[in-house]
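Listed below are the structures to be examined.
Below, subunit A partners subunit B and then partners subunit C, in two separate complexes.
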Partner chain A sequence: MEQFLFYAFAAMAILSALLLVSIRNTARALFLLFIVLFAMAGLYLFALADFVAITQILVYVGGVLILLIFAFMLSNKELLADLQSTSQRFMSLPNWQSMSLSLAFLAVLVYSFIAWTKEAPEWMARAQADGSILSPTDDNIQTLGLKFMTQYILPFEIISVFLMMALIGAAHLSRREGSR
Partner chain B sequence: MTELIVHITVPIAIFLFIAGFTLFAVYAERKIAGFVQDRLGPMETGRYGLVQTIADILKLLQKEFITPSAADKILFAAAPVVIFSAVFIGFSVVPWAPDFIPANTNTGLFFIMAVVSIDAIGILMAGWGSNNKYSLLGAIRAIAQMVSYEIPVGLSLIAAIMITQTLNLNDIAYLQGVESPERIFFLGLWDVTDIGGIFAWHIFQAPHLLLVYVIFFIASLAECNRAPFDIPEAESELIGGFHTEYGGIKFAFLFLAEYAMMFLVSILGVVVFLGGWNTPLPNIGSLRLADWTTGLAWGLFWTLTKSLTIIGVQMWIRWTLPRFRADQLMTLCWKILIPLAFVCLAISGLWRILVML
Partner chain C sequence: MITLTHFLLVSACIFCIGLYAVLAKRNAIMILVGIELMINAAILNFVAFSRYDKTNYGGQIFALFAIVLAAAAVAVGLAIILNVYRQFKTINPQNIHELKD
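Up next is the complex of A and B:
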């Protein structure tokens, strides 16, 4: 059952991603992105990362995707038509470059798959021997919260300052000129 | 195999409950509207108009599927499904009675917040797919409102979570009654662990949570797009907002989603702030009212009673207050509710550190 669900989510993610890059209709492409992100969240669940999965839905689907669709809806119709007709060259590399990039990615994936199925890394075996592994019913959020507030406090704070800077920047940009 | 059957029957049971609730709630809404506006409401169909909503749904079910010729057919057809399933999934983690919960997860509350935000995508799909000015305007208004009001909802829930220290809705409900695993203090002073009842509810455990609940209630009204925050569907300005072009069973699903959302936010507020399935009756000496009225059947009874009361208040507010203007709506959210929610968040932190330990 779980395997069936995993493959269903994976197939959904891959198929809709393929459709997403090939479709001509930008509005439908944005809504396909929703399916891709949702299926990815489902895949995170199988890695016991329920917090990451829910955050993915909350941040990407509830926030970023809505902003993208808003930007699309509020932008000029001529600009969009322009963008659609030239989308073959928009943000794209020459064919041989993109080909080599994707082949490199494929090579990395295949290499790691072969290397990891042959022999699990040492830290994995050590964790299994220690018994320091998570089970699906563990309270991951408690662990995450403690780690964020103790071991990873510096990255956590730096990210929050960074987000604050982005927020202030956005507020400054959206201010009307000459209102001071 | 039995597991699979359980996985299928529970959602069907919840769906049947939502459908039945919607039929009842539409009738109640029209009767309350009639009472507030000093008229009778539906009276013709059946005694006191009791079968009016059943007649309505029968009419909706046999209507033709009409898709506007200029509409984006896929998005138009998918939108009601996305909107309804977003709200429907939210019911999977809500507890109805002690340990009577479809999915007892540690991330329950966070999960609800996330899936409810999918609703917004569905509304955008409906607005864009209809290819109609009014639908698109309605959808854009709805999203602006929902995205803004998600912040006070989230902040008020976080203020409560800082007191409970768990996101599991079942545990949150347990923390507010006689079966609590921790000691409970009324206003942080009086130990009411054995007394229970209304004194053990979260809104009375810490006094500022009462204000937090008011913020949550107002913001959740806006999340459901209900009056006085119904500018997305303002029928005098926008015809019908994002569901202008929908008819028949698709409209029925949008309607179902709206009432399911009302019930979801009510039951969420009840579980987090108003004691969930815990009884409001306290133990008084040897009169063990709280112990007698705790259990599976009582839990269901209290959850339903409290949620339906909250829904009654929502309907009462809808027919009493006029609609907000768009700028007033945003002012209320960004200049009043969010700062207040931040203050409550700070008080929650201090309360947890200074009073509860």
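Up next is the complex of A and C:
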């Protein structure tokens, strides 16, 4: 059952990502990204990362996707025409140079993963031997909170200041010149 | 239980689809979407490895940091795209080849 659900989520993510890059209509591609992000959140659940999955849904689907759709609507006057015309060509012809480059990269990645699994790093083998791997009954969120406030306090503060700087910068950049 | 290799293969596929989007698309927003797909593949790897790291939880914590970084990148990137559209009336990166005003 678990295997089946994992394959279903993985197939959903990969197929909608493939459709996303092959479809011509940008609005439809953005809504396909929605499906991809949800399926990826489902995959995180299978790695027992429930908090990361919820954060993915909140931040990506609630924030990033809305921003992308806003930018698309602000930078494309033919949005409505684009949505209505179920265009003459549904798919665009794949661009063979980029296609072959990314397929070659995929081949390298798959080959290296398969070669790598034969000699997994020592700490992973040790964790498996000790039986100290994450189990579905662990209290993930409490541990994450404790770790954020103790062991990882410095990266946490750095990322907070970075996020604030990025948001101020974005607000400053997108201000219109005349209206100050 | 699902093995690590499954996660790695799925994330390799998503990463390469993102790479294709970055290389082939003629629209700055779709290039940004491709970058998002690549970041998501990286997060899936973080999370998959984190399963074996019960003492430190490094994978999950840095997956959360990567999500924050991606959100910041999108915010700044979209502000830049809007400015470029105002300046050039296009968001095709191939038509944007002048640096001066």
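Keep in mind that, in the parts below, the second predicted complex is superposed on the first by the 129 of 180 C-alpha atoms of A that agree within 3 Å, B and C clash if a C-alpha of one lies under 4 Å from a C-alpha of the other, contacts with A are read in each partner's own complex, and residues count from 1 in each chain.
Going forward, a contact is a pair of C-beta atoms (placed from the backbone, for glycine too) under 8 Å apart; a residue touches a chain by one contact, two chains touch by 3 or more.
Here the structure is a predicted model, which means the values were calculated and not measured.
In the superposition on chain A, A:Phe34 makes contact with subunit B only, while subunit C stays out of contact range. After overlaying the two complexes on the shared chain, residue contacts for A:Ile66 are found with subunit B alone; subunit C is out of touch. Contacts of A:Ala127 after superposition on the shared chain: subunit C is touched, whereas subunit B is not. When the shared chain is aligned, subunit B comes close enough to touch A:Ile57, but subunit C does not. By the document's definition of touching, of the two partners only subunit C reaches A:Thr26; subunit B does not.
In the superposed model, A:Asn140 lies in contact with both subunit B and subunit C. After superposition on the shared chain, subunit A has more residues touched by C, the comparison being subunit B against subunit C.
In the overlay built on the shared chain, the residue A:Phe4 is in contact with neither subunit B nor subunit C. According to the touch criterion, the shared surface of subunit A, contacted by subunit B in one complex and subunit C in the other, consists of residues 51, 55, 63, 70, 138, 140.
Put simply, subunit A touches subunit C in their complex at residues 2-3, 6, 10, 13-14, 17-18, 20-21, 26, 29-30, 33, 36-37, 40, 43-44, 46-49, 51-52, 55-56, 59-60, 63-64, 67-68, 70-72, 74-75, 94-95, 97-99, 101-103, 105-106, 109-110, 113-114, 117, 120, 123-124, 127-128, 132-134, 138, 140, 143-144, 147-148, 151-152, 155, 159, 162-163, 166-167, 169-171, 173-174. Listed in rising order, the residues of subunit B touching subunit A in the complex are 4, 72, 74-75, 78, 105-107, 110-111, 113-115, 117-118, 120-121, 124-125, 128, 136, 140, 143, 147, 150, 167.
Contacts from subunit C toward subunit A in the complex involve residues 1-2, 4-10, 12-21, 23-25, 27, 29-30, 32-34, 36-37, 40, 43-44, 47-57, 59-65, 67-76, 78-83, 85, 91. The residues of subunit A lying in touch with subunit B in their complex are 1, 25, 27-28, 31, 34, 38, 50-51, 54-55, 57-58, 61-63, 65-66, 69-70, 73, 138-142.
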